[in-house]
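What follows is a pair of complexes built around subunit A, which joins subunit B in one and subunit C in the other.
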Partner chain A sequence: MAVDSPSQSVAKAAGDSVARGRSRGTGTPRRAAKRSLSTHWYAWAMVAPVVIVIGVIIGYPLVRGIYLSFTDANERNVARSIGVNEIPASYEFIGLDNYKDAITGSQFLGTLGWTIVWTVSCVALTFVLGLGLANILNRKIAGRSVYRMLLVLPWAVPGFVSVFAWRFLYDERRGILNQVLAGGGIDAVPWLNDPTWAKFSVIAVNVWLGVPFMMVALLGGLQSIPGELYEAAEMDGASAWQRFRHITLPGLRSVSTTVILLSTIWTFNMFPVIFLLTRGGPGEATQILVTQAYKFSFEVSPRDFAQSSTWGVLILVLLMVFAAFYQRVLRKQGEVW
Partner chain B sequence: MTTTTPTPQTVNIQTVNTPVRGRRSPLASVGLHVTLIVASVIAVFPVLWVLLTSLKPAKYATTTDFFKETTLENYTNLVNDTPFLTWFGNSLLVAGLTTVVGVFISATTGYAVSRFRFPGKRGLMWTLLVTQMFPVAVLIVPIYNIMASMGLLNQPAGLVITYLTIAVPFCAWMMKGFFDTIPREIDESGYVDGLTPFGTFWRLILPLAKPGIAVTAFYSFITAWGEVAYASAFMVGDENLTLAGGLQKFVNQYGAQWGPMAAASVLIAIPAALVFLFAQRHLVTGMSAGAVKG
Partner chain C sequence: MRRGIAATTLVAALGVTLAACGGSDSGSNGGSKGSGELSGTVTWWDTSTVGSEDKVFKQVAEDFTKKHPKVTVKYVNVPFGEAQNKFKNAAQSGSGAPDVIRSEVAWTPDFASLGYLAPLDGTSALKDSDDFLKQATASTKFNGKTYAVPQVIDSMGIFYNKKIFKDAGVQVPKTIDELKSVSAKIKQKTGKTGLYLRGDDPYWFLSFLYGEGGDMVDAENKTVTIDDAKGVKALATVKDLVDSKAAITDATNGWDNMQAAFKDGKVAMMINGPWAVTDTYAGKEFADKANLGIAPVPAGSGGQGAPQGGHNLAVYAGSKNLEASYAFTEYMTSVETQTRISKELSLLPTRQSVYIKPDVATNEMISFFKPVVDKAVERPWIPEGGSLFEPIKVEYTKVLTGQTTPEAGAKAIGDSYRKLLKDWK
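Our next item is the complex of A and B:
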């Protein structure tokens, strides 16, 4: 505080003249800019490495991706070298055609529909299960740390290893799941080979992978709720459900809003689970937007960079709209981050 | 959950509820334990199953006999006949560097965002969030071109830089959240003692943020250790591959043989589990410290 108080007053002065928050210093003269340079350079120096890395490695590809989405670039017309011959790029700018095709065609909308079903069910299930387990682990219970360690295990195992483990379990002829079912006299279930079962299976795996993160985050949140609140509530005769409803849930608000937002974004773009488990199959049944975009630029022939970028940009726009909407709803309820 | 405090509604609430805290009916305890055990079994089973499979000779790989002719054959084959150890070393190098660099720059960023008001702060926070949204699948080709033009293809450094862009945004958010819980009075006392802002961060705040750092390190390591898409696109040639890329080769080489794959999976899971154990210990202390502060 001691050091950044001058900068704060600068910010306030500027912020008052401009409406609220956004782009401070627009109305301030050059002198203030100079002064802000001297007070802010510490902060800027500390964030500089991140800004540079992200600017170069994400910024440029992003701009290029957006540009490609307005062209008809594919494997045959991008710049490439065959032997010693350099062949220059010959793709053309075609405006919004790719977007028109994507939005009017049935493929994008169909994939989007399943992506939304996938995201909502995964996030809802992981949150509910994570919350339940976190609540149990937050009590005094014998062997608590052992349980916690076992429950966090799926998070500690690299994703491609656990996906391999699950494929092994799901194997239609020799997998343990079907062997157990056969022991009970039930016919083999085509876990990954039937469109409906495959959808169920990928969701199950993703929930299995996602619960530990939710649980740990919510457990942290639970432990920061002062115990006196519960004691006071008990004195007043509040039931377990009332305590959960009126102390636990409000106390977890800020943690939950963050993890739900993050987990929605991650699930929406969850490439490895779908890609390694089913490759989007059977048919295109479990293909989500990201895996389909990847397929366009790596697996179809000729590789269609333009369409892939178009889908990528649409994914980005959808998520940004969601995040902005989400934040607005929170702000209306008095929560600001 | 439903089994907690089965209070008969007819009894006077006051008398029943006052001694409840810290106590629980035996039935409720059993319910809680059963829930936890079922959940733990589900969490552990797939991994355990792979471990058991890796210890079985090929002909029994898919049977349900757990301990028939237990053997380390799968492991010895893996170590002797394949470049597995080289890949393992490459992965360790990449994941280790990502963790060290990632933790440092996300800590400085998190601290700056938590403590200072500076132009561009809001934009930075949003950018960090937005980078989470852009699909890897679409970035991969342009990033490949950048790496090629900088001569970083097939170099551990190229992968490390790429992984930083995945790990750092989330870590910086997390560190910011953690720094927010450390009282500002500590910073002020640093300034009073004549420390620079960076000195305050380095000498006073960072040591207090150990639990946050542990979680951040864990996340960076796991991200780098388990990443597949970039690793298989950027690294070629047996001696440069990391595990993720190497395993793709296995799948071609061994086809549907589960044994060697299972053994490889177990070996791959070990470093991640070790990092996790280390982080977990700090996580616990961090959480209880946070709870005391309220």
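Our next item is the complex of A and C:
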């Protein structure tokens, strides 16, 4: 969105002024539109591929998902055509029933509760760790570039590969973690078999995966803070904590607000970590909203497409509300975003 | 002028893009028996155990071309846990689906009710259908039509490590109480765990449920029975096995952990079926095959009961090469092929005439499992049969990990069954 807006506003501004200039006094808006089309057909043609592609790959699924959430569509009543068997769609429009069920039932709220815990703890931990590491790496220490490279490693490995690696590490009976602990005389920890440990384990993996992004982004922010500020503060006798509190943190504001927003949205919908590590288990202890929505539409039988899209729409709404709220809070604090 | 060139380029680019988007309708693999000879490609999705059974099945499937040289057989092994979903995805979208699928017995009515399978009555896929075991054919019917051909049949028993039993000086447990005392003794004498209880797959729970005299549903009376006293007792029983340390379990990766623990001699027993035999023989504890003992599942308070399972071969309704697929299905379930499979993999054939073949009749595993299968508990062959496991899976794991009580777990399963099965009690 943020990327789109400047180009949009430019185009609109240009279009407006020209149209206004030429159509002054000539009459109806329709003619103006026609004239605008004839004058700016080239611009429209340039925009068309993007609009079409976005419409096809984002718009259509989105609209269809929203539509399905108002129906009782499932595997048994959607249209299918398989060789000799032609089966027409027979699902019906049922209004807001799906939303009523989701919001009044305990499953959605329970899952939402854990999703929020998961998001907040992941984002907070990644941010704190990323900030710490960025601060360490922002000094002149020997072998700095080597450390940097090593710390970016989790980011460079494809997500599913590292998640699988963690799964092997966590294995209660054959995993390396427990073998190391056994060497120290500690009993095996049920990393993924106990609901509480499983929650801890998935958060740990996600933090491990998320720190490099935070670190790189914050390191960039740190390097843009002028060194003179620190020198001046030092001259004035500010302590290390005061310099951090009053120079580093304000200096990082614009970067950190953006990365926190991004990281929140990503973590809220972090499908692979949960799905590949625990599949939402044990039981449903680590099920977040997206993995549960996936389960509705691909794992339960008959596949409940309506329920799944309802949850999908609710996720979208929640994130939009969050983003709007976040933006408003920032604006109140005088941040232009 | 420049503008003109740019616009032309743009139009050209658009054209290219559109061309790239369209087209690519996969060429049909065509082939039929135009001249009376089968040709084309048959893709078969097998779900057998990777690393042991799959090699044999691949070889057997590809030998089909010896009979029909113009047919190419494409063998694909899809992990059993993923096959149901993968097939549904492919079958519904109509692209990437196989011609023939090895469909677990509970999946078959489900796939058939969704219209994904081709009816086989009167085709070349069914030959000598009277020869098939009655229990095996039960799952292949839906609405009076036949949608699959039984390939193998199975049930479950206790696999035990004879050496550990000898070291501990214990006998094979016949009841769940004995299972607990035997496990305690094994632990005391050898330091090993008695039983590996598979905690991430509800199929392994069934023998405990049947052992208490319970069942998931009573299809005749359209009643959900999982949440009655017997169902609760069964959940309490498995929980007690884990709590009393008679058994270990995992919430994820159960199959691999179970096989590894048993093959390395870390646990003395596991409950399993014929499909695990070949893989188990590959373990270091069973280099001497005689070390693997097998016995009926321990009885609960309601007697002994193991689930009857198995696999069928079904033909995808959208297959481009139906005739060859029918022939392939017939070949894979023929007396000759079943004899070969039974000999090499100790899997139970579905044809009566195969059991009396000399090599099959003397196979230790098959002669153990045959009477077990005869007594095994049949599941209701309703389209929702394949949907009954997911709710158990969630609650079974929750009970084992102490997140819910057996009573609440059983009730939650019952509730979701009633939601699934409209108008059932």
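Just so it is clear, the second predicted complex is superposed on the first by the 285 of 337 C-alpha atoms of A that agree within 3 Å, B and C clash if a C-alpha of one lies under 4 Å from a C-alpha of the other, contacts with A are read in each partner's own complex, and residues count from 1 in each chain.
Criterion: a residue touches a chain if its C-beta (ideal position, glycine included) is under 8 Å from a C-beta of that chain, and two chains touch if they have at least 3 such contacts.
Fair warning: this is a prediction, and the values are worked out from it, not measured in the lab.
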Regarding the shared-chain residue A:L192, is it in contact with subunit B (first), subunit C (second), both, or neither? second
Looking at the overlay, what does A:T278 touch: subunit B (first), subunit C (second), both, or neither? second
Considering only touches as defined above, state whether A:F325 meets subunit B (first), subunit C (second), both or neither. neither
Return first, second, both or neither, reflecting whether A:D171 touches subunit B, subunit C, both chains, or no partner chain. both
Touched subunit A residues, subunit B compared with subunit C: B
Thinking of the overlay built on chain A, is A:P226 touched by subunit B (first), by subunit C (second), by both, or by neither? first
Touching partner for A:Y42 - first (subunit B), second (subunit C), both, neither: both
Regarding the shared-chain residue A:I54, is it in contact with subunit B (first), subunit C (second), both, or neither? first
Need the overlap of the two footprints on subunit A, from subunit B and from subunit C, as residue ranges. 42, 45-46, 49, 171, 174
Give the list of subunit B residues in touch with subunit A in this complex. 1, 4-5, 7, 13-14, 17-18, 20-22, 24, 29, 32-33, 35-36, 39-40, 42-44, 46-47, 49-50, 53, 62, 64, 105-106, 108-109, 111-113, 115-122, 124, 127-143, 146, 161-162, 164-165, 168-170, 172-173, 177, 181, 184, 187-188, 191-192, 196-198, 201, 222, 225-226, 228-229, 244, 247, 258, 261-262, 265, 268-269, 272-273, 275-276, 280, 283-284, 287-288, 290-291, 294
Subunit B partner contacts - residues on subunit A that touch it in the complex: 1-4, 7-8, 11, 21-25, 36, 40, 42-47, 49-51, 53-54, 56-58, 60-62, 64-65, 129, 132-133, 135-137, 139-142, 145, 147-162, 164-166, 168-169, 171, 174-176, 179, 208, 211-212, 216, 219-220, 223-224, 226, 230-231, 234-235, 237, 239-240, 258, 262, 265-266, 268-269, 271-272, 275-276, 289-291, 293-294, 297, 305, 308-309, 311-313, 315-316, 319-320, 323
Show me the residue ranges of subunit C that touch subunit A in the complex, using the header's touch definition. 3, 7, 10-11, 14, 17, 84-85, 88-89, 91-92, 94, 110, 113-116, 118, 200, 248-253, 257, 260-261, 266, 316-319, 322, 384, 386-387, 390, 394-395, 397-398, 400-404
In their shared complex, at which residues does subunit A touch subunit C? 42, 45-46, 48-49, 75-76, 78, 80-85, 87, 167, 171-174, 192-195, 198, 278-279, 281-285, 298-303
